[in-house]
Each structure stands twice: as C-alpha cells, then as structure tokens.
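Dropping the structures in below, format is structure tokens.
Both complexes shown next keep chain A, but they swap its partner, so chain B is in the first and chain C is in the second.
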Partner chain A sequence: MATVVLLTFTGLGLGALYFLIASGLSLIFGLMDVLNFAHGALLSVGAYGTWWAASGHLPGAGTEGAGFALAVVFGTAVGTIAAVLLEVAVIRPLYTRPREQILATVGVGLAVPALLSAIWGADARPFPGPKALSGTFALLGAEVPLNRPVLIGVALVVLAALKLFLGRTRHGLVVRAGVEDRAMVTALGIDVRRAFTLVFAIGGAAAALGGALGGLYFGSVDPGQGTSLLIFAFVVVVTGGMGSLTGAAVASVAVGLVQQFANYYTTAGLGDVAVVVLLAALLLVRPRGLTGRLA
Partner chain B sequence: MSPAPAPLLTVRDLRVVIGGRHILHGVDLEVAASGTTALLGRNGAGKTTTVRGILGLVPRTGSVLLAGEETVRQTTHALVRRGIGYAPEDRGVFAALSVAENLRLAERPGAGEPAYDLVHELFPELRRRARQAAGTLSGGQQQMVAIARTLLNGNRLIIADEPTKGLAPKVVTEVAQALERAAEAVPVLLVEQNLAVVRRLARHCVVLADGRTAHQGPALDLLADAEAARRLLGVGSAGHGGPARTPAGPPARTAARPAARTTEADA
Partner chain C sequence: MTTATQPRGRDRAADHPVAGRSERLRRATRWWPTLMLLVLFTLPYSALPLPGLLDGPIGSPGNLQLLALCLLFGGLATGYDLLLGRTGLLSFGHALYFAAGTYVTNTVMLEAGLPFAASALLGLLAGVVLSALLGAVSLRVSGIGFSMVTLAFAQAASILVQRDPGGVTGGEEGRAAPADRLPASLVGIEHTANLYWMALAYLVVALVVVQWAVRSPTGRVWEGIKENERRVEVLGLRPYGYKLVAFVLAGTLAALGGIVYLPLTGGATPQTTTSDFTLSLLVMVVLGGSGTRWGPMVGGILYTWADHRLGDLAGSGAVAGLPSVVRVPLSQPLFLLGALFVAVIYLLPGGVARLPARLRTARTARASRLAARREEAVPS
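Entry: the complex of A and B
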C-alpha cells in the first residue's frame, strides 16, 4: 500500500510537470500549427532563472519563504520573456515557411541547453529549495515528499487559471476561435497574430514555472532537463488532442502514472516505453486524441 | 439624368494564383454605393475566390478601392475593421463556441454599440439559442449567425457568399428578408445562385466566367434576357419568382460542413 501511495503521488507530481509543459505546447499547436521544439528550452530557462535568483544573485530572493517565491516569480518571468522573444524574433518571420519554422525551434531547443552548459557547466546543480518543502509527510504508511502535493496543487491552479482565461475573457475567446479557424478570426477584423504572442507568453510562463518546480521535484537543475521532459510532453499533447486543455490535463495524469507504475513493477525504463505504447494504442482507437477539441 | 454616385468598392484586374494555378485572370467589378450588387456565375467561375481576394484571404494582385482608397496591401483584419461584414460560403461559424460567443467575437471594441436589437429582431431564434454550441445548430440557424455577425457593427459594406445555399425554402425567405433589410442601410455584395433571390434583392449584377468578368449591368436586364442568362449562368429560364431553384441542381448540395480550417494569407 505504501508503495502504491508513493508511486501515485510521484506519478501525479510528474504528471503535473508534464501538464505545465504540455498545456502551452498544446495551445500553441492548436492555434498556430507550430510544433514548438524549443518549449523544453523555456522550461530550462525558468529552472535556471529560479536557481540563479535563489542562489543569492537576485537581491531579495533566496531559498526560504518569500525570497524563494520571488525567485520562482523571477524564473517564470524570464521564461515568459524568452517565449515572447522566440515568437516575435524566430517564429513570426517564418509563418509562411512551416518547415523552416520547425527547424528554427529545433535549433533554439538545442542552442539553449548548449548555452546553459557553456555558462554553468553540463553537470547537474543542486537546487536550493526551501526547507519546508524538502521534507516528507506520512500517508498510509508511505513517506511522501512534500514537493509532490505542491506540484499537483500548482498544476491544478494553472489549469483553473487557463480555463478561466479561455472561457471568460475576450482574448481567450479569440484563442478558442483561432484554434477552430484562424482565417475566419481575421475576417472578423481581429489581429490573430496578437493572440499568437499571447499564447506563447502563457505557454512560456507555464513551462518556466514547471522548470522552477521541476527543480524542487528533481532536487537539481541540469541543461538537458527540459528536453527530456519535452518528449513526454509531446506524448501528452498527442494523447490529449492538439489544442485541448482538458485533454492535456487528463493525458498528463495518465502518462505520469503509467510511467511510474510500469517503471517500478517492471524493469526500470520500461515505463518510458509503456507510455509510447499507450500513445500508439490510443491513437488506434481515437485518432484525434482523447477529446480532439479545446476547453 | 444625374451622374451615378461613385461606387463604394472598385475592383480592377484582380488576379489570384493558388499553388501555381491561375484562378482569377483579371476580375473587374464595382459595388454600387447603395443597394445590393449580385455576383453571379456558374460553379467554379471564381466568385468565392473573388470575394476572398477582395478581403485578402488569398494572395492577390490588382487594385481594390474601398471608398476610393487602395486596400490591396492591407491585411485582412485591418481592411475588415474599416467596415466590412463578411458571411463566407461555408458560413465560418465557430462550431465549439456558443451562439453568443460567435456574435461577441464579431463585436469591434471601440467601434460603437453592437446592434443586438436589430439582430434579435431579425433572428429571434438566436436570442433563444444564445448558449447553444453553434456546431449543433441547423444549417439555416448557422447562416443566421453568419449574417448576424455582419449586422452587428455599423459596417459600410456587407459581403455574403451564397447565404441561401442548401437552405430550406422558408429559411431562404428569412435570410433574404434580413439581407433586404440590411441593404436598406448598407450596400451588399451578394454571391447568389438562387435567381429568385437575385431578382428580389439585386439592383446591379456582375457575372464571372472562368475567372474573368463576363458581364456587368442592371440585374433585371440580365434576368429578363433568357438567352444571355443561359449563356452566362447556365440556366434555361431565369424563372419568375418561382420556387427556389439553383442552377447547379438541388439546393441540398452542401450539408452543414464542420468549420474547416481555411487557407490564409494573413498569418
């Protein structure tokens, strides 16, 4: 029982991380048809930004309490700015050339980790999280690390905020309409490219926040973290249906849990394979993913 | 006779090439400053492409003057915001959004109060179905949403592409009435295959054939000339207010298609 509880929390925590990456990835693809291979790099930017600030480089930021919160805000802000720059400077000039666009995001996805390791080294750096979050709590005989429920809680808050944004605001309305038919949105007199930038900013913020929290989850940051998480986030997005937020949430949980349980109860590493098998099986039954629509 | 007022929209030598295929070879047309101008022609003549070219939804060359101002270099959204309401051929309704959301999307913040009174007067059904997902509406109701979106703003031009296509006769009448009412205040460019509707609404007409302008003139003159109507539109008789018939066969030609992602030139 204790093992099941621990695996469940760990799987859900991992699922929360996947969701923070996949939500933006899915919105960006749904609206813009852009598969953003640089999305993992945005997570890394957030992770390193938070790490850098919490390590005492940013006045007021630190490893405890409000100081750590400030570090997370800083990391998220840096990731958001990076995402906006990516959209404006790399994606936008290439809108009429989808192939070059993909290559450009792949390039950025490779360049950012290389840049990070050039500056701070290729090795993992210990992540300075608050003491309060480094402990565990006892549940049904299991010692569950506290950062798991924190991650799950943050992902739920992000999900709720995104749903409110999409459902209750005019910008959200434009995004939902754009996912269905971009050209018609412009034919109503709306500059859909502003929604593009907005969706990149939101997706970048969520991924960067995932980076900050991923530091807590893994206990360290390294340049390749974002890229390896991105692979599973792609699985989540395809499983959940491109452009579907609810689909991404459900698929994140499924992928995180399947991965953890399969890795534990079979050979380690098989869980990662199991996730891909899950994806293939689902696509055979429901080619458009779990929902195939946004909301 | 006093000189005719300057046309609202003047299109000169409009050319469209898509995927290396020349679809429009130089369309010339004028939309009069008042009333309805019908855009006619057989299936595949280039009517929809002309409308999409005017709006910049497909790459185009030539000249498109709106109230004397060249717009051919403007993006679609900028041009539309200058006062164009567009009801596209596939209706362009957002299936996953509610009726109310479809209408709200067409509002132009900062451009005056949206005319919901007019919309609900013409289409009381839309008020009752405000919360219904537009994808679950009938074809006629979706067309009402599409027309309503063009009426919401104080537009200076309304463009409707085959708004009665595939609709039941009763709904055809309702849509035609709404357009007739709209045309009292705003000039309308109407692509239409239903000649009974053309006869009722249109003062002027432009006929396309093979991506070129084949004829321009008063609508009634063309409809009265059986030989010209047959040659230009491919119909034997233009009918005299008879039952709604399209020259291209039964009106059920297109069922409600899900709002497909269309190509775009604006992105």
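Entry: the complex of A and C
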C-alpha cells in the first residue's frame, strides 16, 4: 500500500509537470498550428532563471520562504519574456510559412540549451529548494516527499486559472474561437495575431513555472531537462487531443501514472516505452486522441 | 527547356554566339556529377592540403574519416528528404532506423558471431521491418500528429537502448564493433580509404535510389500528396499506401547508412538514437535545400564538416583570446548550428541549392534596372 501511495504521488507530480508544459503546447498548437519545439527550451530558461535567482544573484531572492517565491516569480517572468520574444522575433515574421515556423522553433530549441550549457556547463546543477519543501510527510504508511503535492497543487491552480481565463474573459473567448476556426474569427474583424502573442506568453509562463518546480522535483537543473520532458509532453498533447486543455490534463495524469507504475513494477525504462505503446494503441483505435479533436 | 525548341547545328550557334556558348556550357555541366564522382573517388590518393578547410593533406586518415562522415551524412540527408521534401512528411524519428541498422548489425556480430555481411543483411532487414511496422501506425495520424508519434517511437527506442536491456546495447557507452568479425579490409587506420569509398558508394546509392523513386509513377503521387493530399484522394488514390512506401524506402536507406556508419566509427553509440540526431538531419536538409536533387547532399556535407570544424575552432587559441560574451557562445557548435539554421530559414528560403538561382535573378533584376536607368538617361 505504501508503495502504491508513493508511486501515485510521484506519478501525479510528474503528470503535473507534463501538464504545465503540455497546456501551453496544446493551446499554441490549437490556435496557431505551430508545434513549438522550443517549448522545452522555455522550461529550461525558467528553471535556470529560478536557480540563478535562488542561488543569491538576485537581491531579495533566496532559498527560503518568500525569497524562494520571489525566485520562482523571477524565473517564470524570464520564461514569459523569452516566450514573447520568441513569438515576436522568430514566429511572427514567418506567419505565411507554417512549415518554416516549426523549423525555426527547432533551431531555437537546439540553440538555447546549447547556450545554457555554454554559460553554466553541461552538468546538472543542484537546485537550492527551501528546506520546508525538501521534507516528507507520512500518508498511509508512505513517506511522500512534500514537493509532489506542491507540484500537483500548482498544476491544479494553473488548470483552474486557464479554464477561468478561457471561459470568462474576452481574450479567452477570442483564443477559444481561434482554436475552433481561425479564419472565421479573422473574418469577423478580430485581430487573432494579438491573441497569438498572448497564448505564447501564457504557454511560456506555464512552462517556465514547470521548470522552476521541475527543479524541486528532480533536485537539480541541467540544460537537457526541458527537451527530454518536451517529448513526453508531445505524447500528452497527442493523447489528449490537440488544442484541448481538459484532454491535456487527463492525458498528463494518465501518462505520469502509467510511467511511474510500469517503471516500478517492470524493469526501469519500460514505463517510458509503455507510454509510447499506449499512444500507438490509442491512435489505432481513435486517431484523433481522447477528446476526438482534429489532429 | 530551351534545348528542345532550338534547332541544333553549328550555323545556329554561329549566328548566336551567346546562345552557342550557353549551350556548350550546359552540355559541359551535364557531366559534372560524373566528374565530381571521379574527383571524389580519387581523393584518397591526393596529398593536396586544403588550409582552413581541413587539417593537413586530404589523403591523411583523419581527413578521410571526416570526408567519409560528410559523404555518409550527405546520403542520409538525401534519404530523409524523400519524406520531408518529396512527400511532405515531417518525421522526427528517422534516427531510429539509422540506429536500427547500426545496432542490429553490431549486436548480431557480437552475440551471434555472424560475419559482417550476414549481420549487415539482418540489420537492413530490421530497418525495413521496423519502418514498415512503425510507419503503418504513425501514418494513421496526419500532419503534426505524425511528427509527434514518430518522435515518440524514436524516443522510446532511444530510452530502451540507453537502459541497456540484458547488456545487449551497451547502454550509454555503446558497444565497439568486434574487429575479428569485420572484414580485414575495413579495420585499421591504413584502410581508411576503403571506408571512405564505402561511404561514397552509399551516397551514390542514396542519390540514385531517391532520383529513381521520385521519377517513378509512385514519385509523381508523392509530389501530389505533398502539394495537396485531398486532391490525390479525390483522384481515387489512397495516399496511405504511397506514404508508407516512402516511409519504408527512407527507413531502409537510413538503415543502410547505419550499417556503413558502424565500421566507419568502429561501434554503435546511443547518440545516434536521440532526437537530436534526427533534428540534425532536418537541419541538413533545410540548410541544403529540401526537395531538390543535390540540396540535401550539400547540406549534409556542409553540416557535418561545420560540426567537426566548429568544435576545433572552439578549442583553438584564436577563440580563447576573445572576450567572454563572444567566446562562450562560440564554444558550443550546437548553438552556432541552431542559430545558423534559423538564419537560413529567414534569409535563404530553399537552402543553399536555391542560392545560384537567387543570385541569377538578383543579377538580372539589377541588370534590367540599370538598363532602364540608362534608357531614362538617354532622352534627357
């Protein structure tokens, strides 16, 4: 029982991380038809931003309490700015060439981790988390690390906030309508392109937050972290149905849990493969993913 | 083509000296691939130094190894373009089929003790079967979904290889090829020329196969699928089967490249299974010019050369003396290549292969502008 509880929390924590990446990815893809290969790089930027601030480079920020919160805010802000820059400088000039947009994000996705490892080295750096979050708590006989429920809580808050934003605000309405039918929204005289930047900012913020919390989850930051998480986020996005936020949430929980349980009960590494096999099986049955959205 | 409409003959050429010259030029350039092949074939005998481009004479084993890698990746990029540039399929899992060729051949040699030729055949077979199976599943989704699914498959394989199931793949270190199973003519530094010729042969095979396939009736359907898949369906053809043929053919070519790669680098390394490997193929194709006959090859050669030489540049004294703002990014070849890739997408749509045509149009445009200006100047 203790193992099951621990595995469930770890799987949900990982799923929360996947959701933070996949939500932005899914929204960006749904609205703009751009598969953002630089999304993992945004996560790395957020992780390194938080790490940089928390290790004492930013005045006021630190490893404890409010200082750590400030570091996370700083990392998220840096990631958001990077995302907006990416949209304005790289994606926007290529609006008429969708294939090239993807290729350009591939280039950025290669260059940014390389730049990070050029500045701070390719090796993993220990992530200075607050002591209050490094402990464990007992639940049904299992010692669950505290950062798991924190990750899950943050992901739930992000999900709720995104749902509220999409459902209750005017900008959210434009984004939802754009995902549904971009040409029609443009025909109605609404400048969808402003929503593009907005969606990129939201996606970048979520990914950077994921990076900051991923540092807690893994206990270290390294330049390749974002890219390896990105691939499973892709699996989540395809499984959940592209452009669907709820689908992404359900799929990230499923993927995280399957991965953890299979990794524990079979040989290590098989869980990662099992996720992909499940994806293949799902595609054979329902080529459009769980929510039935058009790929 | 103007050659078909113009009557041939010496007097015609004499009437129009310019047309005659261009025709002679065209006739001469028709033979340049053969000429190029001859030059490439004789390179191991050359002791010519290419300062700046290579270290020392061309024929030295180190340089031959680099050149062989360049040619190998030229061929590999040509095969990959069968998907990207000819059929319009953006696969992110091509590394898998390359690695299948390398790993299966190596593992069969190591574990079953078969000779190289038999193992290579099995490696090729593995590439065919794997690409047919996974292609059949991934092609059920189209567009970006296809890209993601191919990526997921390749990633699963990459994880599997790095976890080293049963000590078969060698994990993160990979496994060296057994020297006693390889033919003696492919082992040892004094036989680098043979490896070079093998890579050259692979490049020629890839170019010929792709060219032949693209010109076949199936190739015409691929072109149609790339332009507009719905219209191909309306014509009564099922794109799925045609796309699968392209996928399997490209996968087979990649597996063949993997087999050539094995003796060339002396072993199987997990770096060839990663998504970065596929992305580098993508960069090569786009750099050279996707959907053109020579573009992917040129891109593959340029990229591989730059990847190796930039690493040397990063370690050289000239870079070490620079201020850190410049030095730090320069120390990462991947950063330079990524930035270069983005720059090519912006500044050079169509890649290097389109460069001559772009220069020509730019020159004619300038010439006509100049002529117009001169005409304006005359009356006044």
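Convention: the second predicted complex is superposed on the first by the 291 of 295 C-alpha atoms of A that agree within 3 Å, B and C clash if a C-alpha of one lies under 4 Å from a C-alpha of the other, contacts with A are read in each partner's own complex, and residues count from 1 in each chain.
Everything below uses one rule, namely that a residue touches a chain if its C-beta (ideal position, glycine included) is under 8 Å from a C-beta of that chain, and two chains touch if they have at least 3 such contacts.
Predicted, not measured: the structure shown is a model, and the values here were computed from it.
With the C-alpha superposition on chain A as described, chain C and chain B fit side by side in the combined arrangement.
Here the apex is the CA centre of chain A, and the angle it makes with the centres of chain B and chain C after alignment on chain A is 80°, in steps of 10.
In the superposed pair of complexes, A:Glu180 makes contact with chain B only, with no contact to chain C. The wider contact with chain A, measured as residues touched, comes from C rather than the other of chain B and chain C.
Once the two complexes are laid over each other on the shared chain, residue contacts for A:Ala2 go to neither chain B nor chain C. Of the two partner chains, chain B is the only one that A:Ile190 touches; chain C does not reach it. In the superposition on chain A, A:Val157 makes contact with neither chain B nor chain C. Contacts of A:Leu140 after superposition on the shared chain: neither chain B nor chain C is touched. After superposing the two complexes on their shared chain, the closest approach between C-alpha atoms of chain B and chain C is 9 Å. Common to the chain B and chain C contact sets on chain A are residues 295. Here chain B touches chain A in the complex through residues 55, 57, 75-78, 80-81, 84, 86, 88, 92, 94-97, 101, 104-106, 108-109, 149, 259-264, 266-267, going by the rule given at the top. Looking at the complex, you find that chain C touches chain A at residues 90, 137-138, 140-145, 147-149, 151-153, 155-156, 159-160, 162-163, 165, 275-276, 279, 282-283, 286, 328-329, 331-335, 337-339, 341-342, 345-346, 349.
On the side of chain A, the complex with chain B involves touching residues 32, 95-96, 170, 173-174, 176-177, 180-193, 293-295. Touching chain C in their complex are the following residues of chain A: 29, 33, 35, 90, 93-94, 97, 99-100, 102-104, 106-115, 117-119, 227, 231, 234-235, 237-238, 242, 267-269, 272-273, 275-277, 279-280, 283-284, 287, 295.
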